[in-house]
Every structure is written in structure tokens, then in C-alpha cells.
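Listed below are the structures to be examined.
The two complexes that follow have subunit A in common; it is paired with subunit B in the first and with subunit C in the second.
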Partner chain A sequence: MRKFGLRQLAMLAPTQGLLILIIALPSLYVFWLSFTESSYGKAPTFIGWDNYAAIWNDRYFWRALVNTLIVINVIVYGELVLAFLLASVFAKGVPFRKTLLAIVLMPYAISEVVAVVIWKFLLDPNVGSFAKAMAAAGLPDINWATNPTHGLGLVSVVSIWLHLPFTFILIYAAMLAVPKELYESATIDGASGWQSFRFVTLPGVMPAIFVALIFRYILAFRLFSEVWLLTGGGPARTTEVLAIYLYKQSFTYASFGKGSATGWVMVMISGAIAAIYLRLLYSRGFKQDA
Partner chain B sequence: MRESLASIVARTLVILLLIVWSAVPVALVVLSSFKPTAEIFTYPPTLVFEPTLEHYRTLFEKWPDFIWTLRNSAVIALSATALTLVASVLAGYVYSRYRGGALAGSALFMVAIRLLPPIVITLPLYPVADFLALSDSYTILILLYATFFVSLGSMILKTFIDSIPDELDQAATIDGASEMQILRRVIVPLSAQGMVAASVFVFVYAWNEYLFAFIFTTTKAKTAPVVISEMMGSLTGVDWGLLFAAATVQLVPVVAFVALVQKFLIAGLTAGSVKG
Partner chain C sequence: MARIDRRQFVAGGLAGAAVAASAGRASAQSKTKLTIISHRVHQQTATEGPGGDVTKAWTDQNNATLEWVTLDLNAIHDRIFREAGLGSSDVAIDFVLNTRAVPEIMGLFEPIEPFMAKAPIEEFDDISQGMVKAFSSKGQRYGVPFRHAVNALHYNDTFLKERGFDRPPQVIDELLDYARKLTYTRPDGLKVHGWGFQADNYSDVVKLARAYGGDFITDDYKCVADSQGMVKALTLLKTMYAEGLIPKNITAMKQNDLITAMQTGQIAMTYFPFGRTVLFNDPKSSKFPGAFKLALPIVSKDMLAKGEVIASAEFWSMMIPKNSKNKELAWSLIRELSTKENTIREAVNGNGPVRGSAYADPRLIQMVPYAALEAKAIKAARVPMPAFNKAAEAKDVFIEEMQAAMLGLQEPEVSAKNMQKRIQPMLPA
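On to the complex of A and B.
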């Protein structure tokens, strides 16, 4: 391996430059803004922890935080279960594999906006085919525009629909990578189908499951468009998530300080999620190798 | 090994549910965009109908700008892809071939900084973009989209370049090639698959992205997803036929593209997140 020098630094410059200029410096500036009071055409004045105290005492912030935590857990674990089920079916072999794979991946190519159009139509209480099929099956009506639980439920459905392909690919690829010999020797040792699943498949895909969990937790935490386009955070601010709360503080109420403080709370929570899962991942990984 | 009847039935059921979940919603929108308005709302949905282009006609009459926003989306997505590729090949090469403490630190920074929620940086970038006369411009979106994918791009390219033997570089060096020539003549052609894999992610993201486009554009650089969201929220009530026509135009090219390059998508995702 060669030694890293100035020329190589120049080759890294486009990548690192973009990351520093567009993400790192602005987020440091947000950190400073979170300790100031500022608005359109008003220079920031330092006010210490007041913004953090203000959002701490704002019940809409807590509502948004609780909504976010519930919704991302529904999304991430819902996706994980579905992806695992699908991957197991695919790993056993399916007819028309390529076509079916293209079908699984299809939502990956679809914009959040179009996904919202699609599901808004399918679940429209008056005209939607899925809503009518559900009514015919005797299920209660869904009123996602007026009932916050239904609203966030629909948000979760759209989000799972959009991101299932991502989770599926990670787990499916890991299942395919489990060496065939392991299954063969398990069978020779007299393992049942359940046992070879429990002791061969599951340990083999565990690292991929953790990777999928970390990635999806962090990405789901950013949830904005689905909520913004479906409920706008309403009715009466009951379906806001943190990103919506941040947007409204910053751009609707023009309180840059509170918006920034919310931003740093989000950064901290993302970081904490990543740290917890990375720790779990490493401790598991080392135990398995031992 | 013989499979039991129950497991065959269960498997068929999963596959059928998958099709209803994943493909039927999209197919319904595309089909409905060719249906006469009255038939869009029939239940169960009709499969045989007299196709009509009336919704496409209304789309281009009522929203003449839509075609321009598609063009904006295409230009922005292609430029963001090109920028990401150039940056990622250079970085991927360095991460693959060189070692050093500073390098390891910068790789960690590259991965860690990606964890930041994008909405956090909209607030400070908004006035900066305004000051630099970049708001409502292609440039701001191209830079933003590339920035959020250079990390994954570099990781994917590093993994692919790792599989190109270093002996090829050495042979080229002996023949008197400079590092830039090695990159152009050896690395780029041999890592073409990785470049396709990386471009799928950026292109799909940039073509479909909503948050940044919604915040940073007003008229000139507005992208197709933003206009579709405006159609959905129009005060006169939702014209579903028109919305389906617009959605179809926006989604068909990218769905076809993803189906075509699906094996690169899978390769890229596993290279970028599992190994990287």
C-alpha cells in the first residue's frame, strides 16, 4: 500500500469539500443559531439555553417526538418482518425470479410524492379501491384526514411501501451468502427445517439485519415528505413529526433559534441511535467470531 | 427434498400478496391515467376500457409548465449523477489504494456526517443560497443531491476498485503512466459496474427528491415532484385523472430504468453498506 500525500488529498477534495461545505459547516452554524434568537432580517442575539427550554416546555414538541418514535418503530420493524418473510420465500427459489424481483424493487423507483398520490387514492374513503375492499371485508372505515392515528397509520404504510425494497435487498443478499455446505452438514447432523433456520440462517443474516436496522432507523428518523403531503401535521398539529415541527418552527413561525434547537435534538437522537446499534453490532459480531 | 403442500400454498400466497402490495398500486395508476374520468372510480376497477388521452391533454393544457419541470428534473438528476461519479471515483481510488491515519479519519467523517438529517441544514443554507444567488437554481439542488450521495458512492467505488489487482497499477506505472492516466485508462474502465451501481442510487434519488426541491425552488428550477404535489393540493378539488397522467409521466422512465439495472442496484447496496 502506498503512502498518502498531498496529491491524494486533492483527489479527496471534491468528496470531502462537498461534505464539509454543505453538511458540516452549516450544521455547526445551526448549533450556534440554536443558542440565539433570530428571524428573517433580524441578526442573531445570544440567549443561551432559552430555545432548548422553550421547546422542552412546548407540548407540540413532545407530541412530535412521541409521534416520531412510534412511527419509526412501526416502520422499521414492520419493514424488517415483511422483508425477512419475503427474503425467505425468495431464498427458497421462486418461479420467474427476475420478474418478481423487479416487482419487489418497483417502489424503490417511485417518488414520495407519487407514492402519496397512489395511496391517497387507494385509501380514499369515497373512491379508493383498497378502502372499498376493506369495507367489503367488514373492516372499520379509515378516516386518515380527521383521525390522527389513522393519519399516522397511512404515513407508516406509505413509508414501509417505499423502503421495503431497501431492507429486502440487504437481507436477501445476506441469505444468499450463507454457504450451502452449512445447510448440507446441518441436514446430515439431523437438523429439522426449523433448527437449520434457527442455527444456520438466522446467525448468517444477523449482521445484515443490524445493518438494515441502523440504516432504516436513521433514515426513517428524517421522515418529512409523507407526513407533509398526507396530513401536513394536522388536524390541529396532532400528526407532526420532528422534521415537520422543525420546518414549521423555522419557516412558518420564522423562529430560527427554536428550529435550530430542534435540529440539534434530532442530530443527538440520530447519533444516539447509531451508537447503540453500532455497539450491539460489534459486540454480537465479536461473540460470533469467538 | 419434497415440499409439503402447505408450504407450497403459503409460498404462493406470499407471492400473490407481494404482487397486490407492490405492483398493483402502480399498475392501477398507470392504467387509470388512460381511463375516461367516470371509469376511474368504478369498483372493482375495470381492466377493459376504451383508452383515452384526455387526461394527458388536460395535463399539458392546465399545467403547461409540467414539461419544463420534467426537463429541470432530468438536467438536475443527470448533473448530480455526473458530479457524484467524478467525486466518488477519485475518493474511492484513494481509499482503495492508500493507507494513513488521516485517511482513516476522513473515511470515518465521511460515513458519520451522512447520519445528519437533511432538514437540519436547510435552515442555514437557505440564506446562504439566497446571498450567493443560488436559490431557485439548478446548482443548489445539484450540489445538495451530490453531497448526500458521495459517501455511498465512494464506498461502492472503493469496494469495486479493491477487486482490481494493484499489479495492473504497478505495470502501468512501469510503462510510465501517471496516476491520472492510470485512473482514466485502467480504473475507470474496470470499475464501470461500480459506477453504474453508484449512479442508480443518485439518479433515482435526485429524480424523485421532494424536501430540498420544495424548500429551495420557486419557479425556474422547480422539479416534477414539486409540481405533482401542487396538483394534489390544488384548491379546486383533486382531478385524479390529471394527477395519474402526471404521475405516470414522472414514474415510468425511472421504474423502467431501475428494472433494467436491478442487478447493479443489488450489487451496489451490498457493496456500499454491508462491506463498507
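On to the complex of A and C.
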């Protein structure tokens, strides 16, 4: 292994410096802000842990946390299952593979705002073509604007639709990388289809699954635009998620201290979730290669 | 055909970008850009309509261009205050709503006194001094009023006639019956809802409560949301929603969605500022041009007998952020937008004029058919909620409790009590 010296350090320094400048320092500033009372046109005043205590005692924070945890689990695991199924189909071979791949990847190229507005319009109960088609087919209405379960359900569907390509491409690439010889050996040894999947495919794609889970958990935890543009957190604040709660505290109520405290709580929770999966990734995925 | 290789493509791209950048610089050097953060309605009434572009002469004379950053009601103020909190900003003028003009934020803006001393606004006393006072703090004035938004009842007369009505509802007891009859499917398949309102705001519901004799927050900062009037208003909304007289997705409809719903005939009646009738009747964007008419907001029987009027008004003022790089030019534009002549032209474009003299102007009387009705409404107009530091939080509590009552998640009495209990501690002592 090459020696890590001053030269290497100097080459890394610009990147590290940039990371310190745009991530570490603002994060520390926000951390300090979380211990202050601060608003527009008002100098911050140190108030200790009061903001954290206020959040802890705020039922809207807990509701937003529960909504977030439910929705991100539906999104992340829904995406994983769909991506796995799609990748399996593609790995076995499909006609017009390139065209179908382009179709599957397309949502990732669409802006979140545009995508949400399109879905909102399609499911508008008064004029939406999806809503009208569902009514014509005798299907029940989706009252996404007034029923919190329907609202969060639609948020999950839109989010899965938007981000499925990310999980799919990771798993598909991993599936293609599993050596064909392993399947041939399994067949010679008399393994059934399920056994080939369980003992050849799954271990081969597991690291990719953990990587997808970590990234999607962290990104989904910041879920904002889907909820903000569809329901705005309503009706009656029942579909609020943590990022909306943070936004309201910071910019609608101009309570920067509480907003900052919420931000740090979010960092801690998503960090804890990521740590669990990183541990799993290390112990089951990469350990043998380390 | 000659083939372009990768190097040529990259070189061409860079050359193109350099030309575009230098052209942009040249253009920027020749004209000064002023950024304005406002609602779309401000840009519209200042630059479009029968009154023409009010800003044109000024931009020509000052060799300037205007960049209007227009956003929805809540987003405007989030953006304004965030920009104003920065070290410096390109934003020259902010349009701020009266309920957001709380003492806490005044420090982010320039007082207008020094500008007035150097270059006063034409006949400033003609501008509503009540509105000027609302944008004052500690003896300093911070805003120049631009627009008032006094609400009227807008109704689609074609629908009313189709359903056998020869006049709009006048008293609150009629509203439910009107909404029921006006909720129907037309022969062309268009589903019409009898009533629509801004369910992400408090103003329309406060008007209903006032028509029932109730209120929300008094001018001396007493929360009276648990009054019978408010309970009745919430009960009315609950009934309307349960019977499908209001669009199902009303809680997710923003102001612009409501405007579209009116223009496309999905809603028969709603409250909006007077000037919106121009938009509702615009042949370019409305399916029913000429069908929309105006009436004074609905009142109680007693009030109608006494000739009393309920009108809620909110108003917008122009403010110069302290961190603005171009304050003198910003003031110059504010002066231009506030002249007597331009106030009339903006009113003709659909603005609510803030000068008392505007309503006596023969051009306004001739070109704005609702001028007399609006003048009557503005005399009686009150803000739906006075400004205070926690106004944004109080608004959210109101919306939350109102929506919960309307959707049947809790009884209207419970919602009204919750509003009272939660909002009273937020008010100034």
C-alpha cells in the first residue's frame, strides 16, 4: 500500500475544505442556533435546551415523526420490492430491453415539482382524468385532499414512482454482476429455482440492496415536496411530515431556533437508521471483501 | 454533411457560452435591473390590462428593467423575510400584506421618512392613512400602500339563472339553499359546486362568522372565536362539505386553483377581492366571460334591514429592504406607482385603489363598473385579523380547527373552543 503523506493530504484538502465550508460549518451554526431564540430582525438569545423541550412536548412533532416513519418505510420497502421484481424480469431478458429500460428510468429525469403537479392534476376529483376513469370503472374515490390515509398513500405512490429507477438500477446492475457459473453450478447440484434465488441471487445482490436502503432511507427522511405540493400537510395538519414541520417552524412561524432543533433531531434519527444499515452492510455485505 | 467531432463540439459550446455571457454582461451594463417580490396580482395590475403598463414610462426613462418574482400568498412572505435577513440583496421592493407587518419585522426595512423628505409622494395624504399606520412602528412609517383587497361575492350569473335565481344571496340564511340548488351537473356534463372558499386561509370563514354576528379576533386583540357566530359558520361549512356543495379537494386548493375553478365553471359562488372580476370575465382565460357578477358580502337579516355592510379588507404595501442595493431607484419606482394618475390606471387594470380620490374619478366610474359598490364596501371594511407577532401561528391554528370541523373530524363547538383556547395566549397582552 502506498504511503499516505503530505502530498496526498494536499490533494485531498480542496475537497475537504469545501465540505467543511458548505456542510460542516453551516451544520455547526444551525446546531448553535438550535439553542437560541431567534427570528427575523432579532438577534439570537441563548435559551439552552428549551427548543428541544418545546419540540418534545409538541404533539405535532410526534404526529409528523410517526407520519414520516410510516411513509418512508412504505416508500423504501415498496420501492425495494418493485425494483427487485423489475430487475429480476429484466435480468431474465425482455424484448425491446433498451426501450423498456428507458421507460423505467424516465421518472428519475422528471423534476419532482412537475411530477407532483401532474399527479395532482390527474387525480383532481373534479377534472382529473385518472379520477374520472376510476369513477367510470366503479372504483372508490381517492380523497387524497381530505382523507389523511389517502393523502399519505398518494404521497407514497408518487414518491415510489419518482425514485424507483434509483433502486432498480442498483439492484439490476448487481444482478447482472452475479457470475453465470454460480447458477450453472447450482443447477448441476440440483438446486430448485427458489434455492438458486435464495443461495445465489440474494447473496449476490445483498450489498446493493443495503446501499439502496441506506441512500433511500436518508433521502426519503427529507421527504418534502411531494407532501407540500399535494396536501400542504393538511387537512388539519394530519399529513404533516418532519420536513414540513421544520419548514413551518423556520419560515412560516419564523422560529429559527425550533426549526434548527428539528433539523438536528432529523439528522440524529436518520443517522441512527443509517448506522443500523451500515452495520448490516458491513457484517453481511462487504465484510468478506474487507 | 460535415461531421462534428467531440473537441469541436466542446469548443463550439464554450464559444457559444462565452458569447452569451458577454451579451448578458453588455445588456446588464446598459440597463439596471430591479427585483420585486410580490403576488402575481401586483405585477398584473401594474403592467397588464386596459390601463396599460404603468411601469413602461418609468423603466424607459430610468433605463431599467423590472424582474417580478411572484409567489403564492404564504411563499411571498417566507421569501421576503429570508431575503431581507441576508447581508445584502438584489431585491429592491417587497410587497407585504398587512397581517405580516408586525413590529418584529420592521427593522428589516427602511423607514420612508428620509425618502419622503427628499422626494415626496404626490398628495400622500390622499392615500388611506389607516393603511399607512398599519405599516408604522415607533413613530416611523415603513410602507407605502399599493393595493387593498376588499372582498365581494362573485357569482356566475349564468348558473344562477339556470337554477331559477334572479339575484344573488343577500342574507346568510339563504346561502345554504343557494349552494344546494347551484350544485348540479349541466347538460354538457360540467359538475358545478354551489360554493367555494379559500380553505387555507381564515378570511372567508371570518366573513361568514361575522354574518352570523360572531368574529375571530377583535381590533383590541381579544379572541372571540368561541362565539355562537363562529360555531354557526363552522356548522354551515360542515353541512356544505358533507352534502358535496363544496369541491372535495377544497383543503388542497390554493388561491390560483380557486380562480381556475371559477373560470372553468366548477364553482358558482365565492368570495374574492372586487378586482378579480376582471380575471373571471377575461375571454382569454374564462369559459364564461361576462357571466361573473358582483355583490356585497352576505349579511344577517338585521344587518340587511339596517343597511349595514360586512366587508373584510386586507392590503398590501411596498417596502424597501434595508439590505437592498438600489434604494434610491426603488423609491423612485414606488413614487411612480403611487401617483394619482397611475393609481387610476392600476385600478382600471383591476387593482383596489388606495387613494380616496380614485373613486370620484370619472374614468374609474366609467371603466370600472363595480367602483361604486367597492367604494361602499371599503367604507365598512375591517381586517379579518389584526397584525401581531404570532399571526402566522394563529392563522394555522384557525385553519386546522376549521378544517377539522368542516370535514367532520370534530364537532364545530369543539373547534371553536379549541381556537379560543389556543389563540388567546398568542395575542398581545
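We adopt the following convention: the second predicted complex is superposed on the first by the 261 of 290 C-alpha atoms of A that agree within 3 Å, B and C clash if a C-alpha of one lies under 4 Å from a C-alpha of the other, contacts with A are read in each partner's own complex, and residues count from 1 in each chain.
Throughout what follows, a residue touches a chain if its C-beta (ideal position, glycine included) is under 8 Å from a C-beta of that chain, and two chains touch if they have at least 3 such contacts.
All of these numbers come straight from a predicted model, not from anything done at the bench.
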**Message:** Quick check on the superposed pair: does A:K3 touch subunit B, subunit C, both, or neither? Answer first, second, both or neither.
**Reply:** first
**Prompt:** Does subunit B (first) or subunit C (second) touch A:F46, or do both, or does neither?
**Reply:** neither
**Request:** State whether A:K92 touches subunit B only (first), subunit C only (second), both chains, or neither.
**Result:** first
**Asked** Who does A:P125 touch here: subunit B (first), subunit C (second), both, or neither?
**Response** second
**Asked** Does subunit B (first) or subunit C (second) touch A:A208, or do both, or does neither?
**Response** first
**Request:** Pick one for A:A236: touches subunit B only (first), subunit C only (second), both, or neither.
**Result:** second
**Prompt:** Does subunit C touch more residues of subunit A than subunit B does, or is it the other way round?
**Reply:** B
**Asked** Can A:W56 be said to touch subunit B (first), subunit C (second), both, or neither?
**Response** neither
**Prompt:** Touching A:M266, do we find subunit B (first), subunit C (second), both, or neither?
**Reply:** first
**Request:** Name the residues of subunit A shared by its contacts with subunit B and its contacts with subunit C.
**Result:** 120, 127, 251
**Prompt:** Along subunit A, where are the residues that touch subunit C in the complex?
**Reply:** 39-42, 120, 124-127, 141, 143-146, 230-232, 234-237, 248, 251-254
**Request:** Quick one: which bits of subunit C touch subunit A in the complex? Just the residue numbers, please.
**Result:** 74, 78, 81-82, 84-85, 104-108, 191, 193, 200, 247-253, 261, 264, 266, 390, 392-393, 396, 399-401, 403-404, 407, 409
**Item:** Contact set on subunit A toward subunit B in their complex
**Value:** 1-4, 7-8, 11-12, 14-16, 18-19, 22-24, 26-27, 29-30, 33, 85-86, 89, 92, 94, 98, 100-114, 116-122, 127, 129, 132, 161, 164, 166, 169-170, 173-174, 207-208, 211, 215, 218, 221-222, 224-225, 229, 243, 246-247, 250-251, 256, 259-260, 263-264, 266-267, 270-271, 274
**Asked** Residues of subunit B touching subunit A in their complex?
**Response** 11, 14-15, 18-19, 21-23, 25-26, 28-29, 40-41, 43-45, 83, 86-88, 90-91, 93-94, 97-100, 102-103, 106, 109-110, 113, 115-125, 128, 143-144, 146-147, 150-151, 154, 179, 204, 207-211, 215, 225-226, 228-229, 232, 240, 243-244, 247, 250-251, 254-255, 257-259, 262, 265-266, 269-270, 273-274
